[in-house]
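The same chain A turns up in both complexes below, where it pairs with chain B and then with chain C.
For the complex of A and B:
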């Protein structure tokens, strides 16, 4: 879950009540910078490996896997990006501009596929369309035993699966953008000779471009960083390469350098996103005016709209959930449940512990940063806070590699008592997860703090409360909705997270997602169903929270 | 002459409620008609129905004599300018203006855009983006965009409401001039009575979905057709009148009433009131009345005065005389025209 509520920074950062001018600004920067350094260091470590490239490793990789990795990564990212763009945007426009039965419910049901990690949707569909699955069996029954069927474990099927789990990013942002658009612009376009369709293509769509681009960038980032789904479909991406080189070749230097390459790809995505916005600005001036009024669809057209949304829902959410439940029941019938129940408690316990630690870490750092930024009016403090959130734009394997390199260095330096090892400890794992997901927590906290008006802080100060009492007694209680959202979002992210957990977990510390990974790499679908179902069930919750929050705020931003 | 825009018995519902209830209106070619009324009176809805963005439940819209009821907005050739300008933020100024010129050659488009940029006096801004313009400039570009396809009528929906006062006045004159130079027919919707009175060739006053009166500014201001029109268009005081043999009497003395003969009063005394504007009365030193409140205005003071007969009136006093609140004064009737009476 990676959408953050937008802060109305404009209203927050202007006017005489912006911040106390009591010289506190100077005190804010240093702690913020330290926190930022804490988060940024692993990424810097990985990047710095480029400065001293081991040429023989590169030469070897170039000669062997690297071209394939780059080609399949690029193909996959473009395919999933385009697929999500088309699917997300058309669904968003359909539920915004047209009225048909169940439109409101469908409007938010369409976000639910976000709760299903790619590696779960992947293995359900893999089973469904695999050689022994119902679809191929029926196909052979129809066209004979030797009938051709597309390769199942392929890049294209993988791309479809990733599209189905990631399109909600585009959908949510596009829907928010379409909803925000004033109907006036579309009305003007109509009077200037555009049909409804032309008005959509020439006005609504280009005006939503920044949101669509942001959505596609999120999708691209998630695709870059995915290792669970690509492994299921045998797609050799760069992220997958980092993982294989790390484990298969046990070559840390090569893995680190590949991770740096992954950072470069992520940077390309971010830069492309910024570039594509261009000089035009897309927000509309003037007050919030009438918004687009949906056209009522009836008869066949309503049925088609309903079927389109329903179809996506079934493929991306309904069928996988039904199938997982079926498997879980099957496990119970075949007595495998007893062993699984024990397993489940173990894995769920680990997941819960990890989620609690990581969430607490993210919230503690996030709240501190947000309060520091609010206190100090200085740009440098805000810049430090922004730097601290880059972890989110850095692929998981990169963070993992960076953290391990740092921890190993600390262990070697003998700064700590001899028997304490950070590498391979829970501390390392929590650190890496905090680096990766701090942005999620920080943004939510900052967004709700932004809504506490500066004049309220000023009133509290004049009533004799010191800056930290103001934070504890006024600001944070008022921002508690944001804290809850932040906690929910970080929790679900940690639960679904695979690459960092896989690379950094202490020996024997397996979580639900690791369990799913282990079972699916051995095609044990039934065994994977119970933990997968748990991940999905918990994952639905934050989606609901998020949707509810979006309904209220009405605005989303990267 | 065929009206550029003609509405006959127009009724427009929104979500089951009749918002425009039977409007008849004709706008002559080249005319600027100001449609004024309080918020929620249905004036914007009327505009949207004319543009084809809303469907009427009864009545007819004619543009240059042609019935356009069944045409979608894109085929009506109507220009639209909104309060928030609704410029397309992703297009340059030139592309915004050229938006409605689909189907013309590149050269025609370029020439037309240049022509309009000249018309709105922003000749060098074609390559800029809307957010790089000031509010007033945006408004002028919105007008240029609406005028580009030479529409039968330009509809302006509160076009000045988002601008600050100084800019608004500057733009008033300019918009009138641009519309005049373009020989465009226009309907200007506003809730600002001064704007309506000063800009409109004619003013249509709307209330609760109906047009109460249409006429030249001086006519609707001095001879309002209803008490609503009288109070909506400016400060108005109402005084009872009665007939005394051959003339009409009020608490302030005898008056002449438009279209009513005092020698054959068709109404019982007390049922008839006349409308007076503040400048029809003058506050002078005296002791028939008491000043309740006073406000400084450019022309002197405006006073709220309680007459001995009990009525409260609003009257002007020059700079030379100042009467304080609570002090006594006299109100003298200075109206030199026939007054309007309501039964």
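For the complex of A and C:
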């Protein structure tokens, strides 16, 4: 039950492993590199066009929209990243370190906003607070027709909406980290005279730092590549610019150059994350320790805690769901639903199937890479794994085109037997989703695995277990929380995903998000409410199952 | 080109409407006997197409398999798939997309007397690579609060400083905005088009990326006027019974161009596996299926022998900009760059 704090002063490499890495290192790098190449090729294919830049488009963009794009992208990413960090971490600490009524239920309810796609939350709130919506109508009734009201289609409202859908990334990882922490560490801090707040700030928070930064990095990537929500709020980001150029100027070349700029921005995020994670490594020994003992809140304090969690829930989940239900009831009354009504199980079934396959693919690749990196301990292996996650920094439609180019090339080469075509097959679609979302799986697994002390692995190795046996029997069980979180995040991401599914799905394989899109592109928001609600309902499933698993991982009933 | 086209929207049985009708039925019938199997469609238009395809299958026995997507993405997919593409037919919601696909060599030339007879010249490719199926008029929408004497009658009129802070427009990212500006470039020249767009921008428009939302904003009083496709108002009226927004056909005075009209159209792909079935589908959609295809979305039929539905008829007849719709594809990039320069969001 001891906690070991290792500070590697020499470099950023994984200290104790270097002694052992000579033998296993080489073995780790090659498979990692091959696996990474497998995943990263479609993105490289698309981005390779930057080798012959189209300067005239850049000159035009620089003179017109590019400065705005860069400024609003930076502002948005920082705002959403900070917002999610603060909201996610404080909620996670609240439900881990304090006991108040309904805490257990609230603990997993707070993950639910993740099940709502950003563009759905954005649309519901826009509908609620825009000029024609109930709030402004009441406002005008109170203060007169010309009464001032803040601009609702703005970067700041967009940032709030994105924060509300993305904070669960930080929350989940932070909560897993706080749960993995041994109470002993906090007890020691308290006996050394720290207040509870100081213990949180000086012990719990630094120990959770790898998870927190991993969460914020995920949020930043999601924000960088978002195209649906930013458009609702008229935020001209670089990702939005990719499609202005691609679709508007019909210039894929210049569009991929902008996409490459997006990747460069993502690299900045990743480097910042690595920096901030810092040299300090916090590992713990043993898995079966006593976790943090929550402090019971009573009276006003309990009410405040409850109100804080409840407020977030209402804004990020409750109201959107209520509004969608209202629309869904309205939609039943119009005849446009008639052809759609029978399709619910079909669409939901496809969505679930796709989510399961894609999640398994992401986890398999993610875990393999994470274990290889740990095994090898070389920077080159870590770099290869990192490169494999690049798809997350590229907007979905760009990944989709990269994948279809690769798949179609394989199809044309006639390497495959007979009539088998990869383009438009389920295999191709799952592959594309793995390219896009591998980062989500890898990030969480790697963060959790990093907290398993190398000496644990070393002990197991000394006892004669092979490297993969150690991974299966020692490391991965200890990193269970990270695995569970990874599975949940990927599942939900895939369910909400649209552009890749839209382009690469097999004939007739329509998912819920495709259904939503078919309605919303025709401005049929009322009709879109039914599948949107279904995405939320289906998205709740993995949240419930996985959060329940997360509770068990914590060992101690909280 | 046949000068200005007049859409007769006053009862479907005018004499001019029936000229092309007799020839087409026989051609379609002939195809039915020789063609079968399945036709595969990539479609960027999705609203209400399923029942139309079902009706086609019921009429011809040819099955339809389709997948939906956005126009540019489906174009990329066709391009990547090359000769392996399963698609026989490409269907889009915008003329520009078809013109760009044709320019990329993705479409096959079709020699169809049926189609050349029923689809006006301005609404199809001269080489037979694509054909319009329906027309979508982009018009000025005015709040009922605005007096009729004050309402703008041209697209340029929306930029009148009197409307500062009172207009709602669709962002530059949308193909409807792009093709409208392309038509301005074609009709008025680049310089004048840029002046017009700049005058809109100077009016500090509220940008809303949904025609329906624009109409709702006008109804609620956020704006006094906006520019949207006509059928969105049709939909709101048929849903709600009445709606406090009226439609103004712009550019109708002598010497003016007429209303900007985009199309939703269709083409046979260059590598179609079943081109005969593809042609049968397109010919059916332009003739026997034309009424259903246009009505399902309150659009104007491309085939002029078919009358628009009742709601469209209540808006009266109007004159259409006679420009060849393929220009919208050719001028799209120029329009987008113009919008960028003018600072239009």
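Rule of thumb we're sticking to: the second predicted complex is superposed on the first by the 326 of 558 C-alpha atoms of A that agree within 3 Å, B and C clash if a C-alpha of one lies under 4 Å from a C-alpha of the other, contacts with A are read in each partner's own complex, and residues count from 1 in each chain.
In this text, a contact is a pair of C-beta atoms (placed from the backbone, for glycine too) under 8 Å apart; a residue touches a chain by one contact, two chains touch by 3 or more.
Predicted model, so just to flag it, every value in this text is computed and none were measured.
By the touch criterion stated above, A:194 is placed in contact with chain B alone, chain C being left untouched. In the superposition on chain A, contact of A:206 is made with chain B only, not with chain C.
Once the two complexes are overlaid on the shared chain, A:148 sits clear of chain B and of chain C alike.
Counted by residues of chain A touched, the larger count belongs to C, out of chain B and chain C. Once the two complexes are laid over each other on the shared chain, residue contacts for A:184 go to chain B alone; chain C is not touched.
When both complexes are aligned on chain A by C-alpha atoms, no chain A residue touches chain B in the first and chain C in the second.
Partner chain A is touched in their complex by these residues of chain C: 40, 46-47, 50-51, 65-74, 76-77, 80-84, 86, 100, 171-173, 175, 178, 206-213, 216-217, 219-222, 232, 239, 332-333, 336-337, 340-341, 343, 345.
Residues 60-61, 63-65, 130-132, 137, 145, 153, 231-232, 234, 236, 240, 243-244, 246-252, 334, 339, 397, 400-401, 404-405, 407-409, 411-412, 421, 423-424, 499, 502-503, 505, 507-508, 510, 514, 518, 521-525 of chain A are the ones that touch chain C when the two sit in their complex.
Interface of chain B with chain A (complex): residues 48, 51-53, 72-76, 78-80, 82-92, 99-100, 102, 129-131, 135, 138, 145-146, 148-149, 151, 162. On chain A, the positions that touch chain B within their shared complex are 182, 184-185, 187-195, 198, 202-203, 206-207, 209, 279-287, 289.
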